[in-house]
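What follows is a set of structures to go through.
What follows is a pair of complexes built around chain A, which joins chain B in one and chain C in the other.
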Partner chain A sequence: MKPRWENLAFATAAVFVALAFTSLVLVTAGASPFEAYWYMLKGSLGSWSKISDVLVAWVPLLLATAGLLITFAAGLWNIGVEGQIVLGGIFTTWVLRLLQDSTLSPAFILILAIAAGALGGALWAALAGVLKVFGGVNEIFGGLGLDFVAVALTLWLIFGPWKRPGIGSMSGTEPFPKELWLPTIPGSRLSLWALFIGLVSIAIVYFLLSGTYFGLKLKAVGKNPRAAYLLGIPTTRYLMMAFVLSGLFAGLAGAVQVTAVYHRLIPAISSGYGWLGLMVSMLINFQPAWAAPVTFFFAALNIGSIQLPIVLKLDSSLSGVLQGALVLSFLLMGGVRQRWLKKHQQEASDD
Partner chain B sequence: MEIELRHIHKYFGPVHANDDITLTIPSGSIQGLLGENGAGKSTLMKILSGYLRPDAGEIRINGSPIEMHSPADAIRFGIGMLHQDPMDFPPMRVLDNFMVGYPEGLLLPREEARQALLDLSAQFGFSLDPDAYVESLTVGERQQLEIVRLLWLGAQVLIFDEPTTGISAQQKEKLFAALHRLADEGKTIIFVTHKLEEVEILCDQVAVLRAGKLVGEAKPPYDLDALVEMMFGKVVTKGERVSAPLGKPVLQLKNLAVESHRIRIAGVNLEVREGEVIGLAGMEGSGQRQLLRACAGLIRPVEGEIWVDGHNLTGKPYHDFMRHGVAYVPAARLEEGLVPNLTLLEHMILADEQRGLIIDRQAALDLTKERIKTFNIRGRPHSTIESLSGGNQQRALLALLRPGLRLLLMEHPTRGLDMESAIWVWQTLKRRCREEKTAIFFMSSDLEEILHYSDRILVFFSGQVSEPIPATETDIEQLGQLIGGRGFNTPEEATP
Partner chain C sequence: MKRIWWLLLTTLVLAAVVLSACSSGQATPAPQQESQQQTQQEQATQPPQEETFTFGMLLVGPYNDHGWSQAHYEAGQYVEQKLGAKMLYVDKVNPADRPGTTPEQLAEDLVSKGAKLIIFNSDDMKDAALAFAQAHPDIYVIHASGDNAWKDGKDYKDIPNFSNVMGKMIYGKMIAGCAAAMTTETGQIGYLGPLINDETRRLASSAYLGAKYCWQHYRQKDPADLKFKVTWIGFWFNIPGVTSDPTQVADDFFNSGYDVVLSGIDTTEALVEAKKFADQGKKVYAVPYDFKEACQEAPDVCLGVPYFNWGPLYMKLIQDAKDGKWQSTFIWAPPDWKDINNPDTSAIGFEMGPALSDEASDAVTNFIDELANGLNLWVGPLKLQDGTLYLKDGEAATDQQIWYLPQLLEGMEGQSVPQQ
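For the complex of A and B:
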């Protein structure tokens, strides 16, 4: 068998394992799996408006994943990605609030606000980076801590300094005037500008990691920092750059959530796209080429499960079950494939 | 116990690592197993110790065939192996390591084990502290621990895989004494090595492997030339001593002092000139590594100055030293020298000068192919570095060095290489000295290597450094005495 076919066979097997597991969950819950999958498909790709909703969810997930691929290349688990998205949202909101009554053109304000979001994410990531590189705090612990701080900060802002006139509520800050919304395609919530930012970002990350000295050095630092240092690579600087770049893309995700989707700061501004991005990264084995299609698929699952509670009385978290099952079964099949290859090679050499 | 290996075959992918090996090892003797790197010695011993399973063939103990699925099975049959790199648990205490693998019961017989450890150690003259942490032990001491552990578990057959790599001369002496004693007690000892002199002084008989096949057996008195021919298929010699003409000073050490948690060396004054090779001799852990690392800026000296090509680089980081043409080659290839999972091609790109931001893949591929040819690396540009054999990794490490270096600092440049590869390595190094005027500063535990290739030699003895000794004015005996501490004017020497 050719490796390409092997890969395809194992990937297909993994998908089947995940579907089988999810179906089992559905059957246990007393629902028909086929009906559920059919509604998920219809709910995500059934009409143009559904597809545009999927694209709306796709962009922030793609941005978060793009950022994570950089830190993964450097051997870092950037668990702080959620907080970095949140800080992106906060910085964007901050700049919009500062400038919404000014005489600057709305387009210019939006550009500034999105740039500020990127900066916010980068700064929050840099903090995790400083803790890791100079403080010796494992980036998983530091990032997790900073995630909680970021959420607390959002809540404080929404119920404190930035609360709506009258009384603060979980629905978020006062929505911005329409001129400060990223323009959307009429009749849908999809902003072509946001889509553009997402696609350009993943293209940049793909190129950075596959074709540049920067990407190769980052990989070397990730796989063996000591050898990388002896080869002349300034390891601490590269680790910090990985954090900052990763946070920058996460911050952009937050900025897009504020300017294109919610038009205000809400408590759940990150919508869990950071966690989902981590899952996608593992699923695609950290290969940037697969990021776009797989994040699209995950976004489709999220959107497709929205109407499950209405039509089938199932919780919409079913998409999470399927996504989790997919990641686990792909990791499992990866292990199976390794064993199979080993055996196969031995048999081949016996001939 | 008499061990019989019958028609053993083992494949790793396309490599036929053991090809129909049949060998009988009588009890109460020391059996040598000789061969160059990659000859299949370690594979065969891992099969005998239950660590690997043969693809075909049979193992017999005292005439009856046995079946083993794991090292634990092997030790039940009385077969224990000391691996080339100690397989122990550095963060645990000596006593805990000693008891790991104890087969029965829920409760650990701590006191009984402690007594057994002390008794066994005393028998062989080892001084093992049951409460010390294994990471604080030298390689030699870890080996001693492994010996007594296997004996306590009831090993009747002990396999030693290249046990003299990385241990001091004294530890080696102790080890050999222990081996003789064990053989006298009727234990079967298998001694795997690629060093002829060890076979000569130690082994009651020897089997030679080459390219996976058993090519011959011999008994004392050994005909060394015949053994060499069996090992390599042809006779090799180190060749004539060559020295490059010396130029202006490259490295100057002025009253240098370096400290690490275990050792302090002080008052080093030295001038190394273009084309010169300086060898650092001494027991492992006598301060050679610290001095080498300090000369690369990897350790900050506590006193004194380091000048490279007339620039004072004292206290500067390694990357500043690199910019002045200094390169450091560590002994731990996969830990410090190379990046596992990256390919040869990617290594070449990383080591080569960066041109622009974007990698020119074609140019890099051409360069890599050329280096693979020049350095005779058995591998392809897209082979990952860990898929290469140890010798080829060492060649790759050398292929990564940029041309035109001023100073090359090397830990054990030929450790783990067979003689032919080692000679080849030194040919390329000497060529650098001659043609590029590179100065080389290297440490090695192989005295012959130091004597043969150095212009001057520094001997280290527990943190003290001798005056530079011209290599032509000394011999192995004198160096050996110095390494043992004789000839150093020190307070330590005055006390008996």
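For the complex of A and C:
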């Protein structure tokens, strides 16, 4: 057996299926697939400024995905990730609002605010965790409920207590002064600090899951909680830890959205990165090593697809079609591969 | 054993063949050449002078949403036609649909493709429009809705290349209110409100003023017998779990004796539910909002629709920009009272619906004439909902007083401010 080659073959086939499907959709819409892909490529990687825009979108998606990989390792479907991003954004905004008129140095305020964002996400995740571990509420339902509460909370804050002077606006809270933005590379929107946070986070998660006893035990809990418990792993504590850690990274994503992308709290502060992160996690079969490149690819699709309506008058939800098709075809190929392996083994034992 | 594998492979190969055949069959306009041109454009600090004026438009929703965004999109097409200008647009400009992008960034993309003027079409983009205008003093910026270019407004910012436009929908809502008052048999009118802010208070209150006037003067009834209730769902459209469900709210209205529901939200639940109740034999009606053709979804229950007509507004500003006569302005344009439905002159209009009776439509026409001849309903004595005096007897409200209306008016039921 050469599992590496096999994997590669199946992955290539999956990409091919997804591309073929999306191309079919394009052809049906009366557009040339190659032209569409070409413009998407150019619109995402065609110039340094486009690449930097992709990186801006990449960081929060990477952070959300990093968090999700931890809960997935523990066998948990952390659907509440959206709400955790939102709470990260809210906590960060809260600290920035409290301290923006103080005499503290902006750098210190920013550090506090980002830490608060991580805390906010972790707390919100802990809530889902408590519901699951002690309340017996499935984390999917608990998380979904908490997502809605988080969005309602954001809207209430933006149009209520935190509304801007004069008139509450869909545009969000009053933007923060420039000193309280994470510094960007001159001439671009990219903050190296945000990039740094993203890269360090995914590195931590990678190391945690593949290089530590903690990660090993977490996976044991994920594979079979009962067996893990009997073998002496405190399951409850590990499940809670998974939630809190996951929420921490999701909260960081929210903090980055506030400090590096939007510079205020907006109604849709999560940008749907939680859902996208879930898709990425499934696509990469929950392997941290693939998180960075695949989230980068998804971010590039999001940015690149903007060219479609501008240049080709095509609906840009095409990037979503391609992303969805990729996930589905990878899941499909996963199934095909397992059947194939099984048959292969059977034949091998028959011989 | 490898049947599935081969089957799949064959399908893929076939698909690939079909695809390549299709795409090569299409006349692809040599993407490489075009890309070269584009990179050149992007490299040049100023895009080369063209004969046609190119403007960009950022739409918050889909360009074909049968509502707010489509009204803007069609206005853009109108300008393209009338002025021979070229429009570049991006729709669904919001962080949920376009994660990781900001309107500034999209506007810059449009500028790199030759746009010299950018329209931001939503309150959502207020900060982005301002930031973009300040960062690009050589590009004209129009923000639809918003008050930052209003010298007498509360949030004036002095940016020479920045203007605001808005139609005086207060009149459209008054007419809608009148149509409702002329139709209701129970004397109960419901208003399906989005979220609570100055704009939505202003519009709901205008509808009430129009309803009260027609109820009192055309139907000779006591204003105290007119019930006008506003229920806010909490957002511009339904978000399950977050907002109240507008379908439910409309149902509640119809079930509790309200027989006309005016919609203030982006979507058409009021109309849809009215139709459902009407199909069961109830006599109920609805008035949608925003888009001229909104009645088409359920004409039998539609009393009419107050709509925006952005074409002439954009036309004027874009013409000025093209001719080098641009000045930063705040335009809050009334309808063209000679003909409020004139597509070339009127910023807002009211399209009467098939469900409006002949008698009622005569009254509404009469009401429009009265407004055209100077009838002002924003005149005292008027009190705010909590009883505080808003306008003294005979005092006419200033534009500022109307724009920044702090509460609903006395006589209206419903929340004035978000719960704290």
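FYI, the second predicted complex is superposed on the first by the 344 of 351 C-alpha atoms of A that agree within 3 Å, B and C clash if a C-alpha of one lies under 4 Å from a C-alpha of the other, contacts with A are read in each partner's own complex, and residues count from 1 in each chain.
To be clear about the criterion, a contact is a pair of C-beta atoms (placed from the backbone, for glycine too) under 8 Å apart; a residue touches a chain by one contact, two chains touch by 3 or more.
This is a predicted model, so every value here is computed, not measured.
Partners chain B and chain C, once the complexes are superposed on chain A, both fit on it without clashing. Legend: residue contacts after superposition of the two complexes on their common chain; A:81 is shown touching neither chain B nor chain C. In the overlay built on the shared chain, the residue A:234 is in contact with chain B alone; chain C does not reach it. Of the two partner chains, chain B is the only one touched by A:226; chain C is not. Counting the residues of chain A touched by each of chain B and chain C gives the higher count for C. Using the contact criterion defined above for the overlaid structures, shared-chain residue A:217 touches chain B, although it does not reach chain C. Contacts of A:157 after superposition: neither chain B nor chain C is touched. Chain B and chain C, viewed from the C-alpha centre of chain A in the overlaid structures, lie at an angle of 130 degrees when rounded to the nearest 10. After superposing the two complexes on their shared chain, the closest approach between C-alpha atoms of chain B and chain C is 13 Å.
Within chain A, not a single residue is touched by chain B in the first complex and by chain C in the second. The touching residues of chain B, when paired with chain A in their complex, are 11-15, 55, 318-319, 322, 328, 330, 335-342, 346, 349-351, 354, 356-359, 400. On chain A, the positions that touch chain B within their shared complex are 211-214, 216-217, 219-220, 223-224, 226-234, 345-346, 349-350.
The residues of chain A lying in touch with chain C in their complex are 13, 16-17, 20, 23-24, 27, 32-35, 38-39, 42, 46-47, 53-54, 56-58, 60-61, 145, 147-148, 151-152, 155-156, 159-161, 165-172, 175, 189, 261-262, 264, 266-269, 271-273, 276, 299, 302-303, 306-307, 309-311, 316-317, 336, 339-340, 343-344, 347.
The touching residues of chain C, counted against chain A in their complex, run 1-2, 4-5, 8-9, 12, 15-16, 19, 22-23, 26, 28, 31, 35, 38-39, 42, 88-92, 94-102, 105-106, 109-110, 113, 122-128, 131, 147, 154-155, 195-199, 234-236, 239-242, 404, 418-420.
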